[in-house]
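The same chain A turns up in both complexes below, where it pairs with chain B and then with chain C.
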Partner chain A sequence: MSAILEVRDLHTQFNTLDGVVRAVDGVSFDVARGETLGIVGESGCGKSVTALSILRLIPPETGRIAQGSIRFEGNELTALSEEAMKSLRGHRISMIFQEPMTSLNPVLTVGTQIAENVVRHMGVPWSAARERAREMLDLVRIADAKRRLDEYPHQLSGGMRQRVMIAMALSCDPQVLIADEPTTALDVTIQAQILDLMIELKEKTGTAIVLITHDLGVVAETTERVVVMYAGRKVEEAPVEALFENPLHPYTRGLMRAIPRLDVEADAAGTRPRLQEIPGLVPILTRPIVGCAFAARCELATDRCRATPPPFVDAGGGHIVACWEVKL
Partner chain B sequence: MTAYIVRRLFATLPVMAVVALFVFFLLRLAPGDPAAIIAGDDATSEAIAAVRAKLGLDRPLVEQFVVWLWALLQGDMGVSIFSNLPVTRLMAQRVEPTIALTLSTLFVAVSLAIPIGVVAAWKARKLVDRLVMGFAVLGFAMPVFVLAYVLIYFFAVQWQLLPVQGYQPLSAGLWPFAESLILPSVALGVTYMALIARITRASMLEVLQQDYIRTANAKGLATDRVLLLHALKNASVPIVTVIGIGIALLISGVVITETVFNIPGLGRLTVDAVLKRDYPIVQGLILVFAAAKVIVNLVIDISYAFLDPRIRY
Partner chain C sequence: MSAAPNIPVLEVDGLVKHFPILGGLLQRRVGAVRAVDGVSFSIAKSETLGLVGESGCGKSTIGKTVLKLIEPTAGRILLGGEDVTKLKPGAMWPHRQRIQTIFQDPYSSMNPRLPAGTIVGEPLENYGITRGAETDERVARLFERVGLRPDAMRKYAHEFSGGQRQRLGIAKALSVNPDLIVADEPVSALDVSVQAQVLNLLIDLQEEYGLAYLFISHDLAVMRHISHRIAVMYLGRIVELATKRTLFTQPLHPYTEALLSAATAPDPKRRRKRKRIVQGDVPSPAKPPPGCHFHTRCPYAMAECKVTAPPLIEVAPGHHVACLRRPVGGDPGPLSVPG
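What follows is the complex of A and B.
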């Protein structure tokens, strides 16, 4: 498997009134051609900022990529001109967002919003781009695509809007699709449909997907490999089966214990064991974290954990974990 | 859409009816005997009685109103007390300069304000933004007549590039016509430009924070397309509203500008008629100005539906 996207030691920081927030603090991972990589973690762990950093969409007034490298097909994205980035966005790497309700422009028709992407990157006339937009709507299984082209986003349901976003994102056959919480705002039944659709289209087009989510259920169903992030850092990375069978990092284990399970037997009184939350709160990112970011909430933490950041340990089979206390 | 426009059209009728009623009673409720006012200060009692009979002022009020309204609907607004000419003809003679001045002022204001507001929002809190917005505050604070005399002093008196004052009708040729409008429209337009630019900036700033702008950027669209289509179209409803208010204010602003630049428009007619207490002309002018404002409002309301597909009243 050759990597199409390589992120190395990425640091993204924001200037706030309380000081510099280290939203992403030294994250590295690869995305192979045609694979589905999950990035999972709590709100505020830096997963969305990682995604925006890849496309260099961090608002320059407040944030910046302070350090690190992002290579796409061997080209260093952090060194590209803004113009070169623009011809990459929506064409080679595209992105869909969490909120289909607000991510589409309310005053432009669905057809215009898909077709403008095609006109921009494929250099085709509007008539051809509209035809492509209709094809894309068929592909994401929106019925009566021809009529829908002339409709506005408020005339569509949430699930349909996310389908439109997917159609838009895939309209120029990108190599990588970054999906930032694409199903979080949708009903559960619609969530499954959208995920199935994304996976089906990935199989068809060979587009690699980076799926960012806080939902381990979504990760289990759709991804091949998973990166677990905590407080701006990667704490564990593994093929999806390995992660669920044998979570190594105390944080990953904590996340697993917080998932409701139906396969655990209820006791005689009909109650199931309480879900276990992870005690404590996410650390404040304006202060530099010495040692392991999770140490303050970790039941295994020692003085060494609090003093020195743990290196990655290779558990074999592509499973790596950053923890001093992990027993292999 | 058609149903919406028709509904809006019908909604203007009650407003115009109230205006007509107000204008009718304006003369009847004015202090003193309207016939005495119309006949003038030195009129004899026979002359006043003659005027009263001629205008039907001795009839019941309701009958007078019906007669007056019927004439009005046929385009008869009465006769000027001083020149004895029909009010409609007097206004028709003066309407071209006013329309020309209003439109050219609007053009000056809008064509500068929107680019300024968009750029200021795009470069928010940077030097360009501070400069153009500082300029806008200055423009807004400057009284029209002060700016007008400053402009006349430099452009007309010192450098002799443009005429000092006066108006050339369109029939005198395009350049003389345009030349006579430049200074008045700039003088009058700067205030509205400042107002519209500030609203454009504020509205654009809000829109630029929205998720769909991030989506547009994630598609790699060119900056001008993101700003001028994705953002400006969403920001346009408040901007158009302010332009509408601007037109309404312009109609009253025209009175001062026409006086300063000696332009024979409706503004000057208003000043003259008020000073001479030529009531029929004042009545006609109120009706025309009110109708103009109602029409502007109607156009603005209808434009909302084109700018934002979610608006359907």
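What follows is the complex of A and C.
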């Protein structure tokens, strides 16, 4: 598998009144052509900032990529001009944001928005771009696509808006699609339709997908490989089956035990099994983290954990974990 | 105050809530959102009734009507057997402490300028249950009970994490010894590890105090964890009501089946080619389809489904379903798609 996107030792920071927030603190991963990579972790662990860094959409007034490298098809994105970045975004790499209303223009019809993107990146005439827009709406199974082209975002339901976002993101055949919580705002039956659609389109077009979510059910059902983040760092990475079958990092194990499961029954007396909690709080990102970021909440933590960050160890089969106490 | 043993803590009978849609220059009433359209259920002491359904199906509206934060258009609400539907705010006052609420986002309902201890003690003072130092003492014990340190009473809401704020909300709801707590998406905004803390706490408190919960969520796994019985809603109506076990092992309503099939499982081995049970979007509650509201998406719909609204009937003991193809004592097996 050749990597189309390589992220190496990414550090992204924000200046705030409380000090420098180390939102992403040394993250590395690869995305192979045509694969679906999941990124999971608790709220605030740096998932969205990682995505925004790749697209170079970190607000320059307060934030910056402080260190690291992002290579897309061999080109270093951190060194690219804003002009060159603009021609990549929405074309070679595109993104679906969590809240579609914030990224759709309320005063333009959906047809115009999709077609504009196509004209900008593919340099085709307007009529061809309109036709492409209709095709895309068909592809994401919006019924009556021709009429919908002339509707405004507020005339569509939440599920349809999310599908329009997907249509727009895929309209220029991107190599990589970054989807940040693409279904969190949606209902269960609509969520299932959207996930099916993304996977199906991926199989058709060969686009690699980076799926960011904190929903482990979504990860289990749609991804091939998973990166687990904690406090701005990657703590574990594995093929999806290995991660769920044999989670190695104490944080990943904690997450897995905390999920209420549809497939675990109360016993005959109706006693509900207790969910496992992860005691304690995530570290404050404005203070430098010495040692392992999870040490304050980890029952296995030793003095070594508190003093020195754990290196990655290789469990084989593409499964790596950063923990001093994992014995292989 | 506690209800007599056999009388449900809460009984809701034929509840209807329509919101007017105003339009035109004069903002005249041009239609109505049928947010809740004839809903009946009851909740016993120590019981959790789960209310599940897609966004906009009327779950929160039921919660707010039961709390008498909004007036029902029709129907009756009984607390411990007493009809409180028509009570004016003054007369409702003594009943209010029997039914408390916890919100999805407790932060928005907390005064940012008051210390947490004062916020939690507010209902105690308001109902004149305790005063001053006595309140502080009681609040300190509540803090301990929900797993917060009593010295956190001096802190302000923004100094707590999401899960801790939810604990504050729970402590406040508990303070006046309610019979029933309406919990509207209380863990939806929380991470799984924090969600686990809050769900465990709610279950412990129920076992300790015999609390009844009306628990609103769209997360089926959370529902299955916490509920005893579950009501599934679609566009303002309950379409199925059964014990948790029955609902998950033998769902009868096509929409319930669709919901269960759409839920993701945290297990890549069970990754399946989803059976596409339903397609399409949820219709608007301002213009619900005639007949069975679900007929526009139901794979098993017959001609009659477009005209006749199926009533919710008890087809097997304790198992209520609103589907024309699920008669009393009918075959619980899979339905056939009409040819």
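Just so we're on the same page, the second predicted complex is superposed on the first by the 323 of 328 C-alpha atoms of A that agree within 3 Å, B and C clash if a C-alpha of one lies under 4 Å from a C-alpha of the other, contacts with A are read in each partner's own complex, and residues count from 1 in each chain.
What we mean here is this: a contact is a pair of C-beta atoms (placed from the backbone, for glycine too) under 8 Å apart; a residue touches a chain by one contact, two chains touch by 3 or more.
Keep in mind that this is a model prediction, so the values were computed, not measured.
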Touching partner for A:292 - first (chain B), second (chain C), both, neither: neither
Chain B versus chain C as contact partner of A:70, first or second or both or neither: neither
Between chain B and chain C, more extensive residue contact with chain A: C
Partner chain(s) touched by A:57 [first = chain B, second = chain C, both, neither]: first
First, second, both or neither for A:103, with chain B first and chain C second: first
Touching partner for A:120 - first (chain B), second (chain C), both, neither: first
First, second, both or neither for A:168, with chain B first and chain C second: first
Chain B versus chain C as contact partner of A:43, first or second or both or neither: second
Footprint of chain A on chain B - complex, ascending: 124-125, 210-212, 214-222, 225, 229-230, 233-234, 307-310
Sites on chain A touched by chain B in the complex: 55, 57, 61, 85-91, 94-95, 97, 99, 102-108, 116-117, 120-121, 152, 154, 165, 168
Residues on chain C engaged by chain A in the complex (per definition of touch): 54-55, 161-162, 191-193, 195-197, 199-200, 203, 218-222, 224-226, 228, 244-245, 248, 258-259, 261-271, 274, 276-282
Chain C-facing residues of chain A, complex: 42-43, 141, 143, 157-160, 187-193, 195-196, 214-221, 240-241, 244-245, 254-256, 258-263, 265-266, 270, 272, 274-278, 281
